[in-house]
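Look at the two complexes coming up: chain A is in both, with chain B in one and chain C in the other.
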Partner chain A sequence: MLNLNGEKKKKIGAWLLLSMIGMLVLLPFTPAVVMAAEEKAAEAAAEGDAEPEKAKDVFYKGPGEFGIVSGPPAKEMVYPDDYGSYGDFQSRTIIWIANQQHLYFGSFVLAVPMFVWVMELIGILQYGKDRKAGKKFDDLAHEMMKISLTAYSVTAILGGILIFSFLALYPGFFRYLSGIFRPVMHIYALLFILESGVLYVYYYGWDAMNDGDGDWKWSHLALGTMLNAVGIVLMVMANTWVSFMMSPAGVDAQGRFLGDIWKVMHNPLMVPIVIHRILGNAAFGGGVVAAYAAFKFLAAKNIEEKGHYDWMSYIAMFMGILALIPLPFAGYWLMREIYAYRQQMGITLMGGLLAWVFIMQATMIATLFITVNYYLFQAMGRMPGSERYHRYFKYMLAILVVSTIAWLTPHTLVMTPAELKAMGGAQHPVVGNYGVMSAKNTAINTMITTTCVCFIIYQRCNFNVKVPWAWKGNLFLFFLVFGAEANIVFLGIYGYFIPANVRIGLSVPQVASTLTVLFIGVWMNVKMLKGAESVGEIRWGRMSVRGAYALFMLAVAFTWTMAVMGYLRSSVRLHWHVNEILRDNSPWAFTNPLGYAGNINSFNVLLFWTMLLFVFWLSALAGKGKEKVAAEAAAEAAGSAVPAGSH
Partner chain B sequence: MSENKEEQKVGIGQKIVFGAIMAAASFLYYVVFLNKSLMVLQNLAYPY
Partner chain C sequence: MSMFKKKTLLTQVLVLILVAPVLAWAGGGGGPFSAGTFSFIKVGLVIFAIFSAWLIKDKMGIPLPKLIQAPLLWVLCYINFRVILQPPIPFSLLAMYMGVCTVAIFLYCSITASSWEEFSHPIAVMLREDHGTAKMSRYATFLIVPGLIAFQTYNQMLPKFGEPIELRTVHPAPPASINVHKKLVTLQTAENPFRIGDDGNYLKVGDESQYFGGNSWTGDVPKFLQQVREGGVVFFGTAGCFYCHGDNLDGKGPFSFAFNPIPANFADPGTISQLQETFVFWRVAKGGPDLSREAFPWASAMPPWEKHLTTNEIWKVIIFEYWHTGFFPRTWG
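And then the complex of A and B:
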């Protein structure tokens, strides 16, 4: 290991590191210098000419409505000149797969450093109080980072494949997009160098910079902060391309660039998509790390190892769920912004062509919540004292199942004309009543509330509450939950009797009721557990294997949900590459049917998990060699009388 | 928790009174505060 203990060496090391990172930070600004020079030249040219041509922005109104035309119009795409293909095979499917795989790995390598950062911080803060606990969190962070490192190279390779696919199959579209985003794309590529530099120093410097909670360790955490910041900036940049395709801005009706790149980037859907994606990535990353830990838990040979991975899977799952809970609200906001941008787009998504995708999403998210509860039921099996609560599980499961059925009831069914006639319309006379948002919102809020109750039970199941006001606390919790649920159901029923524009507002107090249980309920529970008597320590490593399988289920459900919602978001542009600016004139401009999309999504999920298994295996392989050498060295040292450190 | 000695001393009457207060408080919070105030706020934000 690198010895950094000398005072002089420390200084030299710190300066080297700082200057290296400083240079890397400056790198992405080089295109900005070129841009500034270009702008100056354009201004000089404009001064010489008569009035430069101005055009109206497709989105921005007010003072910034008109801009100087700074680019060519979007060319009308012609098939086959502007498209590449492999015979009759849909080029779009190739792009679809390349995009999805790159996105999966990209999300994963973005999310893991966020967890690692939190774990490392907890480790440092714990170190002063309890060295063993601090080290445990630090090791966990280090191990998570190891998985991310291999996945990082896969992400870069997949990014390369994606660009080549675009160049080969959609050259016309890519020429237009890269023409508009030219400087952003360069900054993106240069930021990647910065990201790689920081990532490698962060990972390989882990042991060298580890002095518990000393200066080096804090500097290491600062590197982690930087890694996350660069990662998020990278994601935001790539998101602007996607949101520009959905809701262009900063260009005129012919697609001509109007000179302000920030307007192009800051298009109407950019911010909600960024927020939704950050949360989604975090939830997905938590799910994948939990699945990795579950895999190691199942494969572990002894109870210590099992205990470690059981604990790791719980932490990862917990962090994933923390991101999952606000995710539907970010989704609501995104949908609201879509409606505000183009009402027709919102209707296509939620009430028209793509509405059935939301039924699929409901199925997946209901699966997620049932799985989380099932995992918590299983996890309580390793906690002494939880037997007192086992009898409630069946009721909770019943509530979850009924809510799931209500949530995934469709408003209208896919039917033959004869069936339609027999039923008297597209809507079923009884079941159809449950296929509306009033019932669906009630169902999902009930599911989240039930999950909160399950978590509260999980928190307290191996304790005897000792505070003198315990009975008051219990009654408070009862009325908190009961009141919230009564209000959720009441608002659900009330929604049937009022017009749609008022009804849509009811979702806000419904959600507020759920969040009350989450925050106030968990807070009260923690207060009640102060000074509580433990019935027994958590027996880490003793969870049933079913619990570990539930984590696989969770991770696959996350992956599949991402695939199906990605299909939805992309399909809503219909026959446009860039909405209302650049038309898709290839033979594959139609919207793929759900069955086909389902198959491609499942293929994507399978492919991703196969590659991920390879990544897991690879990170395990690195550890194996070390263990073997260490075991051999230990055996040799034991066999000879020579002390191990004497050579 | 039934194992809690302090809890066993609490009479049923006391529990009913506290429960009634909590029920009223939760009604006031959820129905009067949450439903009403959030709807009013929304009407101000989106007056359509």
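And then the complex of A and C:
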């Protein structure tokens, strides 16, 4: 703890720190401002000499349609001059693996600070009411941060490997892309330095700045806010490159930069991809931390330790699910924007060449929701009084399974010609109806609504509701869920009878029904639980091992989903490095078959988890050292020697 | 006979009944029976199994253990998807559905501590205990399980003589633009010129529902229905689309079964209602010969109608197809 004399000094210190943070936030924008000023001066000088060449933007229309040509055209790539290779290895596969691993770790280290921030805030707010509870949340946040810190170094190393891979294997493409993004590339690098600095101060200053709920603690939380802000800006910038490759803007048809970097960054798919990725990162981060806690839960040797990790896994899973619930809707919006951008791209993804990859994704999404419910069923096993609800579990599972079957049914079926004839057409008259969006929306909303109901039961299963209006509240909850589901199913069926553009609009009231159950249902439940009689405390640490395995399943399903969707997003460009601007002329420009993609995705998942196990082990190693020192000190104090090998 | 022996005997009988269809399924079909006969046998077996379950559970007062419920549920799911659901679904879909059901049944059996105990205890007894029944069950299990795997492996390795699975892309991505009758049509933005309302202006997609069910052959019909009528003339007359796509546009025309793959069923919600009008225009104008690169294996007997019809006739027949089926083309507005 820092030695601070007096309340006044503490406040001055806190404000000084906050001001420094504010200045640091502005620091990365300085080069951009300088660069913009230089460009303006150059423009003014050019105006005096000759009329600058103007060209038409490939995407932007209206007043900003034309821009001043500020870069060379995209060169036609030639193999082998613009490509490199290592023997017989497919260069694309090497880039694929390097990219995916960097993305996994990057997502993880950006997601964990989000949870840590929330946990730390809860800890501070709780501290005034219940010091023990406040410290519990604070310790949890600290432990999560410890895992993230080790992963941070791995992320940086993988980022380096990725850059080297690009330079060695795709120099022509990298030259073009870095030429376009030249004005912001150093901002990215500087932000990375800022992120590292803030991260280290945030982590290593944890104990030093911990004065419960005082100014230093709030300043520490402000550091966390900055860490998250910088992390999100970093992610947004990296996403602009990816989205530019899919839907270029700010360049002309020859690929010449038109002088406005914001147009390049703010390309048509940038915003939906960013939103989807932030939510995806948060869900993924929650899944990984939950898996870490589940691993520690299984390895724990006493009930206190088991209890701690049982609680930690629940909190991490809960945070992950909060992000998972809106994720399908964000994905739906992204797909809509893709269709609006290019019809071919949308059809290639959902109805054409890559349609089966969506079935793989659907399998993973269904796995995620079923696993979450299964985990909650298992978690209720440690809550006295939950027996009253056991008989409903099978019905909820049945609803989830029926929804999964509709959710998974493909539009394009794999079949032999004989099966095609027996069926009487490419679409089955019964299950063919489940292959379209109306059915899919109904299925996923039903699954999410069921998950909400499961959570409401989880909240109340160890309580007896005592408010005088309990029966009215229960009746309200029943009609809320029943009404929402009736609306979801009705709109799903109605969707078959109206035009596609109206049908897409129906997804809004369907989602609204689901979110109403989530927010109003949980709110009403919390209201009803005020003054409720406890049947018994939650027996943390008594969850079945199946619950812990469910959390592993959840985390692996997240990882595999990310791998498969990454492959999909990248493959939709087909033979283009930058869609319709820079053609891929390497021998690996073809779209990989599903089996190969499945193998590489599985390899990526395995590699990530192997590296992550190393990270977990490293975190535990640091803890072991501390435990050992503490145990030796305790033994010394007690006057007895600790036998060798006792740890 | 003691209650324990009675239970054991009944369990074994039920397991035998349930294993038979599993064996037949592993064989990839009906085995020695024809498909129809086998379906009857399966239905009979399920009815018998349900009757047995009722007899055991309700009449004899013996609860149906989870270990019996699980395979019973599995077989019921299988019968539902293989026999009750008609016309038969392809094997790939059946495998997906049964995969989901298998996982779901396992989750059902392990959903609470008590149900997991009920499900896993007999297995633990079978594996660990040393008394007669446990031993016999162990031997039987260690014979049946490898036997099933061997049987399935044998069947999978057997040479098959059926046509192989065709991974056909039913809706390939269209090109950005096409040339029809020396005019460039940009598929992202082009509109059907015959989609016109009573005022002669462009009729927004969805607004044509007012004309659904109307008679386009009466004397004084709205402009939109006039286009529908002319499109119908193309469909049934000039081009003769109905020979393949059918009178009801359901893909069951008199020639349909001569083709492989069979013609598109426009009455299905998964075809034209999922596509923009320009996509349909591309398919009609260019037909099978000009399918895009990803439309492997380019299996389509659709003629390139631009060689036989005018551009206007193609747009009109598209209007007719949507009107007749009651679907709307996909739009993003």
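Heads up, the rule we're going with is that the second predicted complex is superposed on the first by the 581 of 647 C-alpha atoms of A that agree within 3 Å, B and C clash if a C-alpha of one lies under 4 Å from a C-alpha of the other, contacts with A are read in each partner's own complex, and residues count from 1 in each chain.
In this text, a residue touches a chain if its C-beta (ideal position, glycine included) is under 8 Å from a C-beta of that chain, and two chains touch if they have at least 3 such contacts.
Because the structure is a prediction, the values reported are computed rather than measured.
Of the two partner chains placed around the shared chain by superposition, neither chain B nor chain C is touched by A:G128.
Once the two complexes are laid over each other on the shared chain, residue contacts for A:V401 go to chain C alone; chain B is not touched.
Ranked by how many residues of chain A each touches, chain B and chain C are led by C. By the touch criterion stated above, A:G536 is placed in contact with neither chain B nor chain C.
Of the two partner chains placed around the shared chain by superposition, chain C is the only one that A:P499 touches, whereas chain B remains out of contact.
Once chain A of one complex is fitted onto chain A of the other, the partner contacts of A:A470 are limited to chain B, with no touch recorded for chain C.
Legend: residue contacts after superposition of the two complexes on their common chain; A:G483 is shown touching chain B, with no touch to chain C. Once the two complexes are overlaid on the shared chain, A:R342 sits against chain C while remaining clear of chain B.
Shared interface residues of chain A (contacting chain B in one complex, chain C in the other): 501. Within the complex formed with chain A, the chain C residues making contact are 85, 87-93, 96-97, 100-101, 103-104, 107-108, 110-114, 116, 162-176, 187-188, 205-206, 251-252, 257, 260-262, 264-265, 268-271, 273-274, 276, 278-279, 294-295, 326, 328-333.
Considering their complex, residues 336, 339-340, 342-345, 347-348, 351-353, 355, 366, 370, 374, 377, 381, 390, 393-394, 397, 400-401, 404-405, 408-433, 435-436, 438, 496-502, 544, 546, 574, 591 of chain A touch chain C. Contact residues on chain A toward chain B in their complex (touch as defined above): 464-466, 468, 470-472, 475-476, 478-480, 482-484, 486-487, 490-491, 501, 505-506, 508-509, 512-513, 516.
Only residues 1, 3-4, 6-7, 10, 15, 18-19, 22-23, 25-27, 29-31, 34-35, 38-39, 42-43, 46, 48 of chain B touch chain A when the two sit together in their complex.
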